[in-house]
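Okay, got some structures for you below.
Presented sequentially are two complexes of subunit A, the first with subunit B as partner and the second with subunit C.
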Partner chain A sequence: MSNIFSFPPFFEKFVRKLKELKFKIPVRFLRKALPYIFILPFFGYIMLTWIAPVIITIVLSFTKTQWTITRMEFSGLENYFRIFTRDIFVFSALRVTVLYVSSVLMINAFFSLLLAILVTYFVRNESVAAAIRLAWLIPRITPAVIYALLWRWFIDPRIGLLNKMLSMFNLPAPHDWLLTAPYSQILMIVVNGYVGASFGMIIYSAAITSIPRELFYAASIDGASDLQVIRHIIVPLLKWPIFFVTVWQTLSLISSYEHILALWAGGAGVARAAGVEVWALYAYSRAFYSAEYGYGAALSVFLVIIGLVFIVIFFKIFGFERMMQPSKVEV
Partner chain B sequence: MMNGNSSYKSKIRRARIRRWITIIVVYSILLIPLTPILLMVGWLVAQSISKGPAIGIIPNGFTLENFRFLWAPIRFGLSEYPNIWPLVMNSLLLALGTTAFEIPVAALAGYVLSRMEFRGRMATMKLIVALHAFPGVILLIALFYILNRIGLYGKGLLTLLGVALIKAGLGVPMDTWILKGFFDGIPWELEWAAMVDGSTRFQTWRKILLPIVAPGISAVALFSFMGGWGEFLIAYTYIKRKEFYPLSVFLYSVIGEFVYVDWGLLAAVALFYMLPVLIFYALAQKTLLKLQLVGAVKG
Partner chain C sequence: MSEKTTYLIIGIIVGILIGAAIGYAVAPKGVPLEEYNALKSENDQLKSQVTSLTQELQSLKNKYIKITAWSAGSPVDYYRAENLKSAAKILENLLRVLGINVTIEVDSYYEHVSDWGAWKSKFVAAFEAGEAPDIISGIDMVEAAEAGWIISLDEYVNKYEDLLADIPSHLWDAVKYKGKIWGVPQDVASQVFYFRKDVLRKLGWSEDEINALPSKIMSGEITWDDLAAIAKEAMDKGLVEWGFYHRPNWGTSLEIPYYLAGGEFYDLETGKLVIDKSALKDMYTLFYKLAQQYKVLPTTMIGTSWREIHMGFVNGRVLFWLGGSWHWGEWQKVEYHEQLGKLPEEYEWENIGFAPYPALEKGGTPLVTVGPWKYYVVSTSKYPEIAFLLCFFASTPPYDTNHAITSSHLPVRYSTVNYPPFVEKGGFLYKVSTFASKYGVSKPVLHPKWGSLKDILLEYLVKVEKGEVTPDQAVEAIVNAAKAELGDQLLVRE
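Entry: the complex of A and B
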C-alpha cells in the first residue's frame, strides 16, 4: 500500500546518482522531506498573498499611516473611534452595502434558481440549453472594464438604447442613470446581478441534472404538473445547493466592488456621489484615493473578520465534503 | 359517443395550448433579461465598424477607420499614445507572467497533494478550500504594503511583474485544487501496469502520466492567462505610470474622461482587447463547463 504514492522519476535518479557517488545520504529522510520540498513554493505564495496580508491589514489598522504606506505610526484605536463616532460616510456605506448585498443576492441565489430550473427541466434540446447557459455567462467572462463600457453605452441618454426602450413602454426614462441616486442604485444592482446569476445557474443546473430521472417519470405518471414537480421534487432536493450558493454569494458580494469601480469610473467622488459606494469600495477609496492607508485598513478589518467568520460557518455547516461538491444532490 | 369524443378532443387541445403557454413563459423568462446583454455585444461589433454613432445595433456607415489604432497614434481627449502595441505588450506580459508564476507552483502542489502522503496533507487541503472562499480583493491595501516592501512599486515593468505575482498568488489555491483533481483522476493502476510491464519510473512518468495530464494543465494555464489578460483591479491600483498600463487600465482611464468620447474608436479598441477572450471561450466552452472552471471563478 505504501506504493500508492509515487515519487517523481528524477528523484529516484537523483538518489541513484548519489548512491553511485558513495555519498552517505539519509534516503529515508529525503523521502520524508520530498513532499514538503515540493509544496514549499505553494506555501510561499500563500504566505505572501494571503497570510501576511491578513496580519498586515490588522497591524495597519492600528496605525495612522498616510501618504507613504511603509511609514507606520501607531495610533492605537484611533481609527476605530473614527469609524464609530466621527466618520459621516460610514453609515451611508453600510446602508448601500446592505441594499447591495440583499438585492443582488435575490438575483444570484433565487432568480438563478428559476433560470436553472427552466433551462434544465423545460428546455429539452441540449444544445439550445447550452447556448442559453453560455449567453448568461457573457457578463461574467467579459473583462470588467469592457462590461462597464458596454453599460456606459447602454445607459447613455443620447445614443444608448435603455431610455429608448423604456420610453417605448411609456416608462420614466431618467436622463442620468449614472449619478442620480435611486436610478444609480438600481443600475448597480442590475449590473452586478447579471454577473452573479451564472454562478448559481451552473451549480443548480448540475444539481438538477444529477436528480434521478425516475423521480420525474414517477411523478408524471401520478399526474403531477410541472409546477408540482418543481415544488415537491426539485426544490426540496436542491436544499443544500441553494443554501450553499446563498452563503457563498453573501460573502463574495460583501467584499466585491470591482464592477462598481469599473462602471463609476473617473476617480474618488463618483461612486460616492452616485450613492453606490459599498463598504469595500469605501475602504479602497480611503486607502488609494485619499492615501489614508491606516484608515482604509481599519475599514477592511471588518471585511476580513466577516470573511473569517464565514469560513468557520462554511466548515461548521457544510463540512469539507459539501464544500468540495456543492452541486451534489442527496436523494 | 359523439360527446365523449369531442370532450376528448377539447382536452387534447387544452393540453396543447397549455404546453405552448409553458414554452412561451419559459423562453421569455430565460431570454428577455438577456436582450440588453446581447444588444450590448451587438452594438460593440456594429459601432467598431461604423462611421457615426451606431443606431442601436445597426452600423451607421461602414469604415475601418476605427481600427486605425493598430498602426497610427491614438488620441483620446487629453491623452495621446504613439501606438497601441506597447499597451498590448504590457497586457501580454501581465498575462504570461501570471501563468508562469502560477502554473508550475500549482502543478507541483497538486501533484504532491494527490500522490504523496505527508503530515499536514488534510490540513493543507482544508486551507485551500478556506482560501478559495476568502475574498482576496479586500487585502489589496496590505498587498500594496508588501509590494512596496519587496521593492516592486513604481518600478515600471517590475511592478507589472509584481502585479502578476500577486495575481498568481491569489489564484494558486484554486488552481492547485483543480490540478489535484486531474492527478486524482488518473488511476494509479495505470502507472502500476506500466511498471509491471517493465518500464522504469521515469518512463512511466514521461509516457503515461504526462500525456494524460498535459491537456488539463494547459487548460488551466490558458484559463489563468485569460485571468491575467482581463485583470483590471490590481493593475489599476498599483500601476501608476501610463507607459506601463495594460489595455484594461488604459481603457478604464479613457472611459473616465467623460468629455471627448469617440465611441467608434473606443468600441474598436474594446473589441480588439476582448478578441482573445471570445476566441478562447468559443473554443474551450465544453472543456470549461466539464472542468467546472467557470463556476470556480469567484463572483
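Entry: the complex of A and C
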C-alpha cells in the first residue's frame, strides 16, 4: 500500500522498468525532481501567459514600435524620457489614478471588511447573509461589458433609475454622470468599488469564520460589546488577510481600466474630458488607439515600478517580518 | 527608228514618270523608322502582356480560390459584404468566357461597428496572427499603409485603367497617400443636415416655407444662428426636447463648421497637419453658442449612444440632426420609431427635410463633405489581383444601386446614375447629389497622427459644450497640446 511519503504506484513501476534496463538512476534525484515535474505544465502556462508577456512588454518599452508589433526599432530610454519631459497628458492621468486607487481601495479593502463583519458576525440568519453576499458578488461574475451597459442605463438622464431615485430623496440629481467631474469620478469609483468589494468580503468572511468561537464566548462572558469584539478580537486576528487584500487590491487597481473603458467608450478624448482617464487606460489608448506600442509598453512598465514601490511601502506599514512569525490562529 | 516609234517611247517614258509622280503624291507616306520601331516595341509588349496574362489565367484553370473579406459600417451597409460575393460570380463568368474554368468563393463577413478602435484591434490581431482577410474596409488608410497592412494598387489601377474610368477621378485622389493609390472607392458618403418638417408645421410654418428652407440654406439666407433661434422657439413651446443633436464621437460632420470658416486640417504640399486658429475658434464658438448660449444642444452629446440619438430625432424629440445621407436608409431599416418601428420612405419625405450644412454668416456658402468608403487589399493576400478585381466588380451598377438605395450612400460609378433601377428609386440620392455636386468638398486628412489630433479636438469639444472652457481658451489649449503631441508635424496658422 502506498503512502504519501512513497512514490505513486505508476512511478514505482516506471522506476523498476528503468532499473531492469540497467539505467543508473539516482533515485534521490528523481524524488526531488518529481514535484517540479508535476508543476511543469502549470509553470509552462504561467510562462506563456504572464512571464513572457512581461518580458516582451519590457523589451518593447525600449523600442520605437509603432503601427505593427513586428517592426521594432531600438530607441533606448527615449520612451521613458518622453513620459517625464514631453507628454502633457501623464500628469492628469497620474492625478486621476491616485484619486481612483485611494478611493476604490477604501471600498475594496476596508468597506469590504465591514461587509464581511456584517455577514459573518451580525447577521445570524444564513439565508439573509447569503443574499447579501450574492448581491455583492453579482457584479464580479457579470461580464465587464454587460456590467457597464447596465450602469449606462442606470445613469441615463432620460430613462435611468438613478436620478429618479435621488430625486425621491431630495438629493441632487446631476443631468450628466458621464462627462461632468466630479460626478463622473464618483461614478468611476462606485462602479469599480461595487465590483472590488466582493473580493475582500470573501477573504475576510473566510478569515472571520476561522476565528475560534471560544474567543467570542470569552469576550461575551467578560461583558465586551460588539464594537469591542470587533476592535480587540476580529481586526487584530485579521491582520494578515487585511495586508493581503490591501496589497492585492492596490496592485489590481493600479493596473485596472476595463470598466472605465467599457463605460466611457468613445475614444481617448472622452475619458480624458470626463476626468476618468487613469494611467492604465492611458497606456492602453497609446498602445491600441494610437498604435504606439513601444510608448504604451513604457507607460505600463512604469506602472509595474509604482506597484513594486507600493509593495515595499505596505511591507513596512504592516510589519511583514513580524507577521511572518507563526500565527496564533489558523486563518 | 521611225519618228512614230520615237514619240511612242518618249510618251511611255513620260507616262511612266507622270504615273510615278502621281503615285508618289497619292501614296500614303511611309512610317518613319523611329516611329515604326516604337510601334513595333509597343506591339511586342502588348503581345507579351497578352501571353503572360494568358499564362496567368491558364494557371488559374480549374483552380479553387477562396477570398475572405471583412466589411463594416452602419446597420444598413451590409451590401459592402454581399456585393463582393456577387462580384465573384461576375469574375468567374468573365474568366469562363476566356476559357478559364475557375471557382472563386468569397467568404464575406459584415459587422455593424460602433467602436472603430475595436474593429481595428480585431484586424490587427488577425494580421499579426497571420489570419487577416484578403479584403478589409473600415480601417484608417494612412495607418494601414504605414504599418504595411495593405498594398498599394497602382499596378492594378494602371493595368485596368480603361475599366476604372467609370469611377470619378476625384475619388481616386481621395485614396492616394504619398503618391500611391491604396484603396478602391466603394461608395460616396455625403454629410446631410436634417430637419423635422412636422415640428416646423407645429411652429406655424406653411408648406411653402418648409419646402423653401433648403434653398434658403443654400443661398446663405439662413445661417446657424437663425436655425438656433428656430430651435429655441420650438423648445420653449415644448414641441421638442432639444433643438440640435450631433454625433457622439469625432467625425466629419463636426469638422464642417471649421471648413465653413475656411480652415484646413491637412496641408497637401507639406503633408503636415494644420490648425487654423481663427477657423477653430469659429467652430468651437458655434458649439459653445448652441450648448451654452442658446441651450439648444445637450452638453452630453459626446458619449451618448447612437441608438438614443437616432431615436431622439426619428421620434420628433429633436428638431435638427447633423447627419449623413446614409441615415435616411438606416431609419428605414432599423426600428427606431416607437410606433412605426422602421420608417416607411413616405414618412421620411413627409416629415423629414434635408439640406447642406448652413453657412456661418449671412450670404455665405453652405457646405457638405464628401468622401469615398474604401476597400483595401491586405498585404498578406495570396491573390491580390483577384481581390482588387472583386473590389472593382462589387460596384457594378446593379450592385452599386443595391448598396446606394439600401444604405443611402451616393453611388460610386458614373454608369449607376443612369441605371434604370437607380433612376426609379434614387430620389433622395438624386437630391443629395445635386447639392453635393455644388457644395461638396473632399477633405481627406492623410496623416498618421490625425487620430491624436482628433482626440485632443474631442476632449475640448466636450469641455466647450459643457462650458468648462471658453472657445478662446479651448483653441489655445488645443494648440499647446497639439504642438506637444505632434511637434514639427503640425502647422499652426492664425
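The rule we apply is simple: the second predicted complex is superposed on the first by the 256 of 331 C-alpha atoms of A that agree within 3 Å, B and C clash if a C-alpha of one lies under 4 Å from a C-alpha of the other, contacts with A are read in each partner's own complex, and residues count from 1 in each chain.
By our rule, a contact is a pair of C-beta atoms (placed from the backbone, for glycine too) under 8 Å apart; a residue touches a chain by one contact, two chains touch by 3 or more.
As the structure is a prediction and not an experimental result, all values here were calculated from the model.
Legend: residue contacts after superposition of the two complexes on their common chain; A:Val195 is shown touching subunit B, with no touch to subunit C.
In the superposition on chain A, A:Tyr282 makes contact with neither subunit B nor subunit C. Touch criterion met: A:Gly269 reaches subunit C, while subunit B stays clear of it.
In the superposed pair of complexes, A:Phe62 makes contact with neither subunit B nor subunit C. Of the two partner chains placed by superposition, only subunit B is touched by A:Tyr293; subunit C is not. Contact with neither subunit B nor subunit C is seen for A:Tyr183 once the two complexes are overlaid on the shared chain.
By the touch criterion stated above, A:Arg152 is placed in contact with subunit B and with subunit C alike. Judged by the touch definition given at the top, the superposed model places A:Ser252 against subunit B, while subunit C stays out of reach. In the superposition on chain A, A:Ala52 makes contact with subunit B only, not with subunit C.
Subunit A is touched at more residues by one of its partners, and among subunit B and subunit C that partner is B.
Under the contact criterion defined above, the residues of subunit A that touch both subunit B in one complex and subunit C in the other are 69-70, 152, 158, 265-267, 288. Residue ranges of subunit B in contact with subunit A, taken from their complex: 22-23, 26, 29-31, 33-34, 36-41, 43-44, 47, 53-54, 56, 104-106, 108-109, 111-113, 115-118, 121, 124-127, 129-131, 133-146, 148-149, 165-166, 168-170, 172-173, 176, 188, 191-192, 200-206, 229-230, 232-233, 236-237, 248-249, 251-252, 255-258, 263, 266, 270, 273-274, 277, 281, 285, 289, 292, 294-295, 297-299. Against subunit C, in their complex, subunit A makes its touches with residues 66-71, 86-88, 152, 156-158, 175-176, 178-180, 264-270, 272-274, 285, 288-291.
Interface residues of subunit A, counted against subunit B in their complex, comprise 3-10, 12-13, 32, 34-36, 38-39, 41-42, 45-46, 48-50, 52-57, 60, 69-70, 114-115, 118-119, 122-123, 130, 132-146, 148-154, 158-159, 161-162, 164, 194-196, 198-199, 202-203, 206, 226, 248, 251-252, 254-258, 261-262, 265-267, 280, 283-284, 287-288, 293, 296-297, 300, 303-304, 307-308, 310-311, 314-315, 320, 323-324. Subunit C meets subunit A in the complex at residues 115, 117, 121, 124, 127-128, 143, 146-149, 248-250, 299-300, 302-303, 305, 308, 448, 451-452, 454-463, 466, 480-481, 484-485.
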